[in-house]
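Going in written order, the chains are labelled A, B, C, D and E, and every chain counts its residues from 1.
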Amino acid sequence: MATGKKQPMVAFKGIMKRFGKVVAVEKMDFEIEEGSLVTLLGPSGCGKTTLLRMVAGLEEPTEGDIFIKGKRINDTPIHKRNLGMIFQNYALFPHKTIFDNVAFGLKYRDVSSADIREKVKRALEMVRLPGVENRMPSQLSGGQQQRIAMARAIVIEPDVLLMDEPLSALDENLREEMRREVDNLQRLLGVTTIFVTHDQREALSMSDKILVMKAGRKQQEGNPESVYNEPSNHFVADFLGHSNFITGEVVDVSNGHVNVRIETGDVLFAENKGGFSKGDPVEMIVRAQRFDAFPREEFEPVEGMNHFEGRIKDRSYMGGEVSYFIELGADREIHIISMMRTRLYEIGEAVSVQVSPHHCHLIHME
Amino acid sequence: MKQVSIGWSLIRIYTFLVYLFLFAPIVVVIVLAFNPKQFGIFPMEGVSLRWFIKLAQNESIIQAFQNSLVLGSLTAVISTGIGILAALAFIRFEFPGKNTLNTLLLSPIMIPEVVLGVALLLFLRFLQQPKSFALLLIGHVVLTLPYVLLIVQARLVGIKKEYEEAAKSLGANAFQTFREVTFPLLLPAILAGALFSFTISFDDITATLFWATAQNQTVPVKIFSMLRNSISPEINALGAVMIVLTVATPLLAGYLSRKFSKIKE
Amino acid sequence: MKNDKWKPWALLAPSMSAVFLLLVIPVCFIVVYSFWLRAPSGADIPAFQFGNYAKFFEDFFYPKILIRTIRISFETVILCVVMGYVPAYFFYRSESRYKKIFLLLIMLPFWVSFIIRTMSWINIMGDSGLINHFLIKIGLIASPISMLYNEFTVLMGLIMYLLPFMVLNIYVSLEGIDKSLLEAARCMGCTEWQAFREVTLPLSLPGVSAGCLLVFVLTAGTYLPPMILGGPGNGMIANLIFKRVIGTLDWPFGSAISVILLSLLFVIVWTYNRYLGINQIFKSLQGS
Amino acid sequence: LGLSGLPFGNTVRDAWAAKSIRFDGWGGSVSEAFRKHAFKPFTKATGIDVIDGEFGDMNSYLTRVKASYPPGGEFNIAYLSAVFDYARYVDLGFSTVLDESKIPNLKNVMPSMIKPLRDITKGTLSAVPYDLGQTGIAYNTKHVSKEKAEKLGAALLWDKDLKGKLGSWEGDFRTNMWYAALYTGQSPNNMTDLAAIWAALREQRGLMKKYWASGAELMSLLANEEIYATVAWSGRVASLQQEGHPIGYLSPKGTYSWMEYQFVLKGTDLAVAQQLLNFMLEPNVAIAVAEGQNYPPSLDPSKVKLTEKIKKMPAFDPTGKLDGYLFAKPAYWNAHQVEWTEKWDRIKAGS
Amino acid sequence: MATGKKQPMVAFKGIMKRFGKVVAVEKMDFEIEEGSLVTLLGPSGCGKTTLLRMVAGLEEPTEGDIFIKGKRINDTPIHKRNLGMIFQNYALFPHKTIFDNVAFGLKYRDVSSADIREKVKRALEMVRLPGVENRMPSQLSGGQQQRIAMARAIVIEPDVLLMDEPLSALDENLREEMRREVDNLQRLLGVTTIFVTHDQREALSMSDKILVMKAGRKQQEGNPESVYNEPSNHFVADFLGHSNFITGEVVDVSNGHVNVRIETGDVLFAENKGGFSKGDPVEMIVRAQRFDAFPREEFEPVEGMNHFEGRIKDRSYMGGEVSYFIELGADREIHIISMMRTRLYEIGEAVSVQVSPHHCHLIHME
């Protein structure tokens, strides 16, 4: 505050959680800006839920402190923290009407019953389900139930909205739709939100900031583009999107570019964003979508681009896109995904593959 | 897969015979309750309500009925009450020795009632304490607790923690959460458990024989002592009344709870 | 939040105290009492001696009752399996709308007084009971044949009491079998019978064995069926305890026999739990 | 928790004690006689309830008494049979000292029945004698002729022709040993050849249809013709005869006789108990009960005029001296009771 | 046969299945060529499983006939049909070793035990799990169990392999891997396969032929490209991939092209594949991936292409791709998915969108 920096809405300071011998969350510092939507992303068991539940007060940190609005809340009991929580399976009270569900939190908040009615009505309108007050949760579809869960959480005007894989029980199409809605609603209300998911698409498309975790440790934090395009390590690159990993050695460094000799003997160019020097063993990460494939005979190499020759080894038609596995020889294979505009390549066909150095991201060998 | 094979028919016949075996004694009791004869069983010589009338005039049996009902109801209430608490502890908390304690609470199923009956008798004698209704009641609670525990635990496992967590995150404290969320969701199991313990208590003979004081003899104990004088139409009539009572109650309760839970889910 | 370690204990306090007061301590007490002496008048004298145990094993009379108890328990178990498997299988496979009612019916005996059901066998098998009456009526026999008060009738009583437990255990484990396993077996070339033998039967064994344990333990501890339907030579160990405690006032000896019975059951349950796990039993009781 | 139950238990008991007294008897037609002729009128007259319980044999009742605490807190008056039990109850410390002045009707009771009790309790009384009875032999006259029965006597109970149709009392080793003694030609109060007794009982076991557990069961077995011959309590046989069943009664030489008395257990409200006992000894009450249960009363025929019906009952002694009666000697039987109970049990169970 | 046409391996003739009042499969005719992999695709409850189970003999058709190798098999009991079936939950026998599981079908087929051992070994090698013979199913991971299920089904050399959503219990990454494996194995063995799924990617990438179903009725059958690119109706287009539906009216038909006036007043061109004539009300279907978006100021229209002007209304970053919702005015919005090579468009930015008539598929208004 002295530095004029805006006070974060939620802050973790050296937070750590151990269950018996399992360390679910390893010492972690992390801040969440007011009004932003932050996603905790990582494989199953990496500690996302645990972190979220510590904010909610459903788990107690083994070490470290949690702050909300600058106030340490470690010892505040759950029901006194003003939080909205949304669960994967909605957790609507099956024995209460929608009205009673949504009004539940207000009952404990000194709100007159007229106001309660008014607020519930507004919340239901906000989630675009006006008029369902008298139904039971079981009379609503999955997506509708999820919306009611939203309404129930936001109606209390929480300081922070916590969502643990709220969309993963929905089927693909509905999930995409709900993703947009949650996103819109969050922006509309400007409520600080922590969102847990292991679905990278969800994380990439919704977040202001993504925290990638692995085995209880922070791997990378940043906005979606930076996390996707500049993964800080192999794990992050592998976890997000379809990546090709090409190992090699830096053979030359010159004005913002690095030349890397890869296993096949080819030398590839990459932008130098990380301060690499000659002789460094590196890993080059290229997203499958960043390659372009051309029929061998039609291919004309472009100056300053990287290219390979190869043969289609396997392909998989996906409608909008086609996924190819291209054999480069010497046991190396790359995976490319291309939007299909013209014809499909046949298995065995000779192709040339090209990728811009701009899309070749280097990391130090781990 | 069609089920018209000979094998399937045999299975049906077999099942029918097993049912016959299980139900013959029950049916016979009810039929013979209307037997006007004092001695001998078959053939029946007409139909009479004589023994029911005799029963209705037998104060000690009516007293026993009252005792059984009071005992059964109190057992059901207490057993379910403390069973819910114990189930909450086992399902919602982690603590050392949990499995052992759970097994301990379930162990009355496995320990012969004769042994339990004797054990308590000796213990009381040692303490120089009189038997009492309260003791009989706690004894029945211990006997029925395992069943309540099993039923309530099973249901509680099915009630996701998230409901309670949602309630708490919305501002309800522990008690409010229980009252507003856990209890109503648990209700079908609570009813089932209460019913189970009522019938077990109402029907118990072995341990009750040891524990009951002279003043609070129950119907089965009464029947037991009547049986020492051999089978009689009066016992059959009493049996018939018991059957109707104990069968009608759960059926009614089952119907009601199904109606309840339909609203719930 | 800070420290809720005490909460489960508070929740357990009432049930634990009831169980301690009426189960744990009294059972310990039986052990203590089993070392006491007994005066001819019937008074009990605190002591520490093994006379009661020695008396049990001093000749073959008491061990024989123990062995008989184990034998009858085994017979009951086997008969319950034989009689219970088919109906359980029937429920499992039936697609009838009345399946639920059938199941409810098998539960029904649970709700009908055990003592009434037991004594009713006298109505059926007594000298002037249903069967004799019927046989005389059709002229097959002239005077009633005695069917009551032997081991056979004791077994009938026991089976009638315990069969529903067995059926439920088996049914629950049958229901747990993924029907697609059967379909898989059929697709691979099994006839229905082969599929039953290869898949259904082995996979229902956990339920069968759980039922067996439950039936065994319950049989070994009952005394009503032998008392009401048995002759003097059909008594089981629980009858012996009953007689020693109620009939002959020999409480120390009764305690010693109780300890012996408990030890036997404990060994059986412990062994079972060790190799098969006890949870299956509770599963089926929950279902009911 | 258990302790919290105590006050409740006490309150309940106190509440009962205030206006009721508990009586335990032999059940069936005997109980009915008491209820009808003694208790109902007593309650009507005094407002004190009589709770009547029943038992089928002496030991199980004693166990219940022994298990209750304090003794008599639960049980008050026991309708006991035979003097040896009086001795046992006294030995176990359940006796009281009755204030005989509060039971003026005691003067009508035969002195020969009071004396054995006084001998045991050193001059005081913890019980009042109430009636006399016998354990004789009952047989079905349709299947066993009177001549045959008379001729065989005790041996009727060992008659191979009656295999599967014989009965005996399960709950008492004395009755069974008594008849085995008569069968083997020994004196029941001094059996010298026990091996012969056991052998006889084993032999009998093979002929037995059922060992009955109570008087009511005895009646039902006879009436249903499930058994044709059995040891039997004289009163019960008389009741069957009055109902018209073809049952004969045989009292061979050395028939087992006993006297019954109302024992007041320690801890009982003596005032109430004495009031009830006195009421029960009221000649008209005692006579009505006797006629109902078919056992002759303890009233001294020389002081009270008894009815014709009573005079015809087995075990009735017009002299009131009971000279020719063979009772079980308390000291003899009680000394061996543990051993013989055990033995009888084993034989019954097939050893 | 007389026509020289190859006899189909499986044929449905007027097949229909009713459960009580529910018609699960409506009269259907369908043929499956020997050695091909056919996918039954459709939303939940559309009757896919029912159709499959009728082939297996696990359900009896209410009407119609099923032929395998030209032989009517309606009355052949299950165990006499020589079929391999693979279930969603694997359905491995939990009480039998892997060996016994795989050998199971052979036991009923007169195979000597030496041969059994040999065949099981080969089958396990084929699914790349040699040497697991003595383990129990519970000792294997989900993916491995699925492979054993495959081995068990193929070892009996079935006439037809039936798979009911075999991959849906696996998690995303594993699913993709297994999809490739199943595909390879099926091609290697050349076994006729019926594959049920509701995952369009699975269907598109694996099948020789797709049968799209809805509410028990056949909607379309054909190879993946034709089903994806030339959906025969709105349902199929909507169910597969991200489609834009633009309603309009044919205003001109000329040499292989159709001019369609859409609601905004613009006239778009499409190839005429369906025999449309002037005045026909039509629906134009364009896949989201087929559009190209350009910054308005840089856009130069290309002759013969369709183009619109619009504004970015919403965008969703998905790493490899970006999904944009573009407002065309008058309440119309189109959804485009583009591979992100340059910068992202901002919300509100004016863009021009272009699509080739080749990718505009017309269907008659329903």
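Some notes on this structure:
Please note the rule applied: a contact is a pair of C-beta atoms (placed from the backbone, for glycine too) under 8 Å apart; a residue touches a chain by one contact, two chains touch by 3 or more.
Every value quoted in this text rests on a predicted model; they were computed, and no experiment measured them.
With centres defined by CA atoms alone, the chain at the far end from subunit E is D. Distance between Cα centroids is largest for the pairing of subunit A with D.
Distance between chain centres (mean CA atoms), subunit B to subunit D: 38 Å. Centres computed as Cα averages put subunit D at a distance of 92 Å from subunit E.
Separating the centre of subunit A from that of subunit E, both taken as means of CA atoms, is a distance of 28 Å.
Chain centres here are Cα averages; for subunit A and subunit C they lie 58 Å apart. Those residues of subunit D in touch with two or more other chains are numbered 1-2, 64, 66, 224.
Counting partners per residue, subunit E has 58, 78 as the residues that reach two or more other chains.
Multi-chain contact residues of subunit C (touching two or more other chains) are listed as 14, 18, 21-22, 126, 128, 186, 245.
Subunit B contributes residues 1, 3, 5, 7-8, 11-12, 14-15, 18-19, 21-26, 28-29, 32, 40-43, 81-83, 85-86, 88-90, 92-93, 95, 98, 101, 103-116, 118-123, 125-126, 135, 138-139, 141-142, 145-147, 149-151, 153-154, 199, 202-203, 205-206, 219-220, 223-224, 227, 230-231, 235-236, 239, 242-243, 246-247, 249-250 to its touches with subunit C in the complex. Within the complex formed with subunit D, the subunit B residues making contact are 38-40, 60, 121, 124-125, 128-135, 137-138, 210, 213-215, 217, 225, 228-232.
Residues 56-58, 77-81, 83-85, 87, 89, 91, 93-95, 104-105, 107-109, 136, 138, 152-153, 156, 162 of subunit A are the ones that touch subunit B when the two sit in their complex. Residues of subunit E touching subunit A in their complex: 179-180, 200-201, 204-205, 224-225, 228, 240-242, 287-290, 314, 316-321, 323, 337-341, 344. Those residues of subunit C lying in contact with subunit D across their complex are 14, 17-18, 21-22, 38, 40-43, 61, 64-65, 126-128, 146, 149, 231-233, 235, 243, 245-250.
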